[in-house]
Amino acid sequence: MGVVIDGCPPQLEINQQEIQAELDRRRPGQSDLTTPRQEEDRVQILSGIFEGQTLGTPISLMVWNKDAKPESYAPFRDTFRPSHADYTYQAKYGIRNWMGGGRASARETIGRVAAGVLARKWLQQQCGVEIVAWVESVHDLRAHIDPDTVTRQQVDSNLVRCPDLELAEQMAERIRWAKDQGDSVGGVIGVVARAVPPGLGEPVFDKLEAELAKGLMSLPAVKGVEIGSGFAGTLLTGSQHNDPFEMREGRVRTLKNHSGGVQGGISNGENIVLRVAFKPTSTIFVAQQSVDSQGQNVVLEAQGRHDPCVLPRAVPIVEAMVALVLMDQALRQRAQNGTRTLPTM
Amino acid sequence: MGVVIDGCPPQLEINQQEIQAELDRRRPGQSDLTTPRQEEDRVQILSGIFEGQTLGTPISLMVWNKDAKPESYAPFRDTFRPSHADYTYQAKYGIRNWMGGGRASARETIGRVAAGVLARKWLQQQCGVEIVAWVESVHDLRAHIDPDTVTRQQVDSNLVRCPDLELAEQMAERIRWAKDQGDSVGGVIGVVARAVPPGLGEPVFDKLEAELAKGLMSLPAVKGVEIGSGFAGTLLTGSQHNDPFEMREGRVRTLKNHSGGVQGGISNGENIVLRVAFKPTSTIFVAQQSVDSQGQNVVLEAQGRHDPCVLPRAVPIVEAMVALVLMDQALRQRAQNGTRTLPTM
Amino acid sequence: MGVVIDGCPPQLEINQQEIQAELDRRRPGQSDLTTPRQEEDRVQILSGIFEGQTLGTPISLMVWNKDAKPESYAPFRDTFRPSHADYTYQAKYGIRNWMGGGRASARETIGRVAAGVLARKWLQQQCGVEIVAWVESVHDLRAHIDPDTVTRQQVDSNLVRCPDLELAEQMAERIRWAKDQGDSVGGVIGVVARAVPPGLGEPVFDKLEAELAKGLMSLPAVKGVEIGSGFAGTLLTGSQHNDPFEMREGRVRTLKNHSGGVQGGISNGENIVLRVAFKPTSTIFVAQQSVDSQGQNVVLEAQGRHDPCVLPRAVPIVEAMVALVLMDQALRQRAQNGTRTLPTM
Amino acid sequence: MGVVIDGCPPQLEINQQEIQAELDRRRPGQSDLTTPRQEEDRVQILSGIFEGQTLGTPISLMVWNKDAKPESYAPFRDTFRPSHADYTYQAKYGIRNWMGGGRASARETIGRVAAGVLARKWLQQQCGVEIVAWVESVHDLRAHIDPDTVTRQQVDSNLVRCPDLELAEQMAERIRWAKDQGDSVGGVIGVVARAVPPGLGEPVFDKLEAELAKGLMSLPAVKGVEIGSGFAGTLLTGSQHNDPFEMREGRVRTLKNHSGGVQGGISNGENIVLRVAFKPTSTIFVAQQSVDSQGQNVVLEAQGRHDPCVLPRAVPIVEAMVALVLMDQALRQRAQNGTRTLPTM
């Protein structure tokens, strides 16, 4: 896996350990809740960082696979796995590398997590932005987490990465239940970005929520994204939904946050709150109907290694994606408006 | 309102009437359910169309306002309307045109609808694509519509644009109820794109669902987007959720469509089905707490014209946005893969 | 003619007169050296400017044609004018608007000049940048102008816009000579940008000279671009060509400027000096061999209005293009590096 | 050195040897005319090619340095080499990797040459395009080469890569003369693209010659680019310069080619002919005045390895750059116009 990060400002202090620490939150084999595939995911810096600082030029990182087993993909050489990308890649390109998931593999998110480390650090240094994601639901078990106060420490306090410890235990049991049956479960991840300065996001097409939705919907297995009140907000009237303004500590603030920190496509300085729906993992070990590349109906009964639930490992991925979108918008804002709205930049 | 449409292939037959017809579905003053503002929204073609055909060069369209009342915005010169973009524009740019909603006004969607007419026609001619949107819910009134069979005729059979006539009547009542109180309601719009060829969408960052989510989340008032099973899909196991393949009429098809027509970010030839959450309109005539540009807390009691519910007029906007994203991806696909996967292109 | 200018920072003071003044330097009918076509080229501001300041949102400008004579293009409906874009547009699009030059008409440069006014003003305010272009040669008459000292006043002191008054008179005669024969002449325009801060331009593909070359080569009739020593620099040895550094007034400076103000694709703070070759105008009134759209060989003898030499009117166009490229790079630099290297931004 | 090639269509047959062969034309240490630095420049394919075919997904290639001597850059740690990018990188980023030329090193052109192999093969297969570059001048020695007939075999018949053998011998002597003095010489490279289909290039800003000029001006050491008649064309009248049309073998052709194969920014099917000026190499071993990072004037007397003339090695780089631009435009054309104008695509 390689990733090239272009556009990162120079003189950001960063080292291999900081990137590694976040890859470790994402890597397989962390616990019995994730795939038993053993990958150290050791990151190697090839370019763009010099004497502990970014150079302003593209940063190239590499993670070499250790525990790849291309032979285990042999059954899928001629058979399309249901709800995987085998068929669509074949349809699009007329060719595919069947010896792994290729670009459709969730393994590509290594690059996002690595890049996200730089984005998060830069945002933190420039404006004090803090991004925290957590597992909000697994299957039908749903936690109620306060986005204004939840900490990364709470999230990482258990294997599921749900800050509600009691529910986390039930979630872990649910995941093990799915694993025992060769089946899988999905869920919802919540994420908050705090201390985002007002002014990020561009009107009309590149609204902040649009960029965030694109980034999050581009993650493997995601089927839905909502911001602020989201789908539940459709049950309110305008007078219930609108967020009144007030002056607070010398700044324009809202009394509540149904807007989710974005108004008219532009951040308003309140917490940016999103929820992301992850479908149950497509890789399962239950017999499934499929077709092969000769157009014959077949039954697929796979064996192998899989994540019975991607949610715990998806937490750092969601955080990284939000950081990357916010940094991108902050750089756009700095180009157009200089440092007027971003005092510490 | 002006719009420049760049990238439309040449020799597409189009006339002013076709564009106008779709603008008429979007225009204000259609019925007592929409804003009483009277705008004909007459479209004028300035460039890019010659003797009834596109030239392949940018198409410039203009719609001149007739019933604009800048003076009615005077109260908002110094006061930020809650959940509008007044404050965020001021924060971002340090200046704003207070004599109207500017680029944050839903009036900008005229451009999207006009452009969408060309996209829909092109998609229809190239691959027979058919796009239909409908009002699925208003406030807590929710219809159950079959995306595989719903027609535009059914949608346009009533003022609400909900194909369930009985529910449409209740929805109309609910909207009038909100209007009478100077309040507003939101809801959900469903949309389907049928006969989309397999192969549209690009791996990793520009997945088809990511581009669709971005496009739809960039529409005014949208707070959530889901594709296929969406948030409800998180309640299923993988074996319930996966879409088995079978051969049908010589093509690879799925038995069901939890994927919503996209797998691994690429269309699989099944119907693309999305749901879009619209918050209740921010413009209401109930007293609200706000602040002014001098940083004083004030109470805002606006009078004027507003849409008590944007859903009926949002139906053509959602259709247009889906068409624009699909056409964009079809052109990318044609660049990279020629006509192999798009037989009629 | 319409132009949309996207990406201009907010709160730049600008008015219609400033834009008009520069369009007047470009407009036809200025003197007997240019086309007798009479166009006032009155600019109308449609959006993006409010109470004398840019809003930060797209600026839309319109110039309505007054003296267009589409009927005069009737002879070219079926015949391709040599060295015009008639044939290539037909080949590319399979359709063309024969009632004028369309997008290949030099009339499109109105948009560039208008946009250039904002770019030049912004650059001037931010960093004191000053851009001056001049006619360096017409046909084989070549002036030797010092880019470090030439002023716009000198340039505009005569109809040809060549600061060498004696040579300017000869050039004017040469242009009248070409005009009398229904023929045309070309020449070279020189341009300098002074006080450009170090640091503009991006390594590898988007080097500053590459962006400038693209911008200038995209102007109608341009066949060559050189920076600094240019083609003549190939006659020197490295020891003659290299620009030694020295400290001067506390800054790193070069002793001479064969580099033309750019090293390794990035501005070094010295004057940016370019030369641009314009071919003789393609529109001439001498009989020419051509073919028609039925593939028959024909002889084309056109009558009408033309510029016997585009150089005098091209001076503001070249200045505008350089300003646009520099501003674009300055905004990129501000995004990535903040205000560190652009002290006054 | 790594390169990621994105956007290459799938199912293009390519192997490591084809890429290597072209890198060998570019690699250092080919002869006594180039730097004695010994690099095999072995290319390694990391992704995007499977069983001898492109996958349609990004192609990642790597070339590991063998003969890098970072210690030889120690003298430049604190001293800016004249006409190199040391100072401008420092000014732009506030930091630079002094242990080599970094992104400003001509070593980055390995990536362009490798990518160019795919572009040239694809263009050849799709439309029979043939691209040949040659050394036209070294210092003041200038050859006159016919772009319509010159072959790669002729070019590669001697170390200088000038198809005029007699002049090539003189050029070799001139280069050795410069080398003996620790000095360097520059020159001009000519390049032709034959059989380019009509229709490539986009009006206004992305004209074909603009994209070519950008690509070529982005190469290290290039100071000027001209197409067709170029600067010499300014000495002609319009009636001399215009290229009359005639029907030939059933196609619209021009009688001569002052346009250089491009009219109105779009290819017209004639040979695309360009000339590119390369300054003398900046790395020389003659004493030069400079400044150090403490702002002290110093004298720099470097020892080491250098190319006394980059021209022979620049030939494959120029060919690659032209191929990359043409392929990019061909893909744009295919997106917008399908296969109408590109019959074999």
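Should a chain be cited, it is by its letter among A, B, C and D, assigned in written order, with residues numbered from 1 in that chain.
Convention: a contact is a pair of C-beta atoms (placed from the backbone, for glycine too) under 8 Å apart; a residue touches a chain by one contact, two chains touch by 3 or more.
Predicted, not measured: the structure shown is a model, and the values here were computed from it.
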item	value
Touching both subunit B and subunit C (chains)	A, D
Fraction-based call for subunit D against subunit A, same above half, different below	same
Contact-pair overlap exceeding half with A-C, pair selected from B-D, B-C or A-B	B-D
Inter-chain centre distance, subunit C versus subunit D - centres from mean C-alpha coordinates, in Å	26
Mean-CA-position distance for subunit D and subunit A (Å)	40
Averaged-CA centre spacing for the pair subunit D and subunit B, given as whole angstrom	46
Residues of subunit D touching at least two other chains	10, 56-57, 92-94, 103, 203, 337
Subunit B - residues contacting subunit D, complex	7, 9-10, 56-57, 203, 331-332, 334-339, 345
Residues on subunit D engaged by subunit A in the complex (per definition of touch)	2, 4, 10-11, 46-47, 50, 53, 55-57, 60, 92-97, 102-103
Footprint of subunit C on subunit D - complex, ascending	80, 82-85, 87-89, 91-94, 103-104, 108, 137, 139-140, 178, 183-188, 198-199, 201, 203-207, 209-218, 220, 222-231, 233-247, 250, 252, 254-255, 258-260, 262-269, 275, 277-284, 286, 288-291, 295-297, 333, 337, 340-341
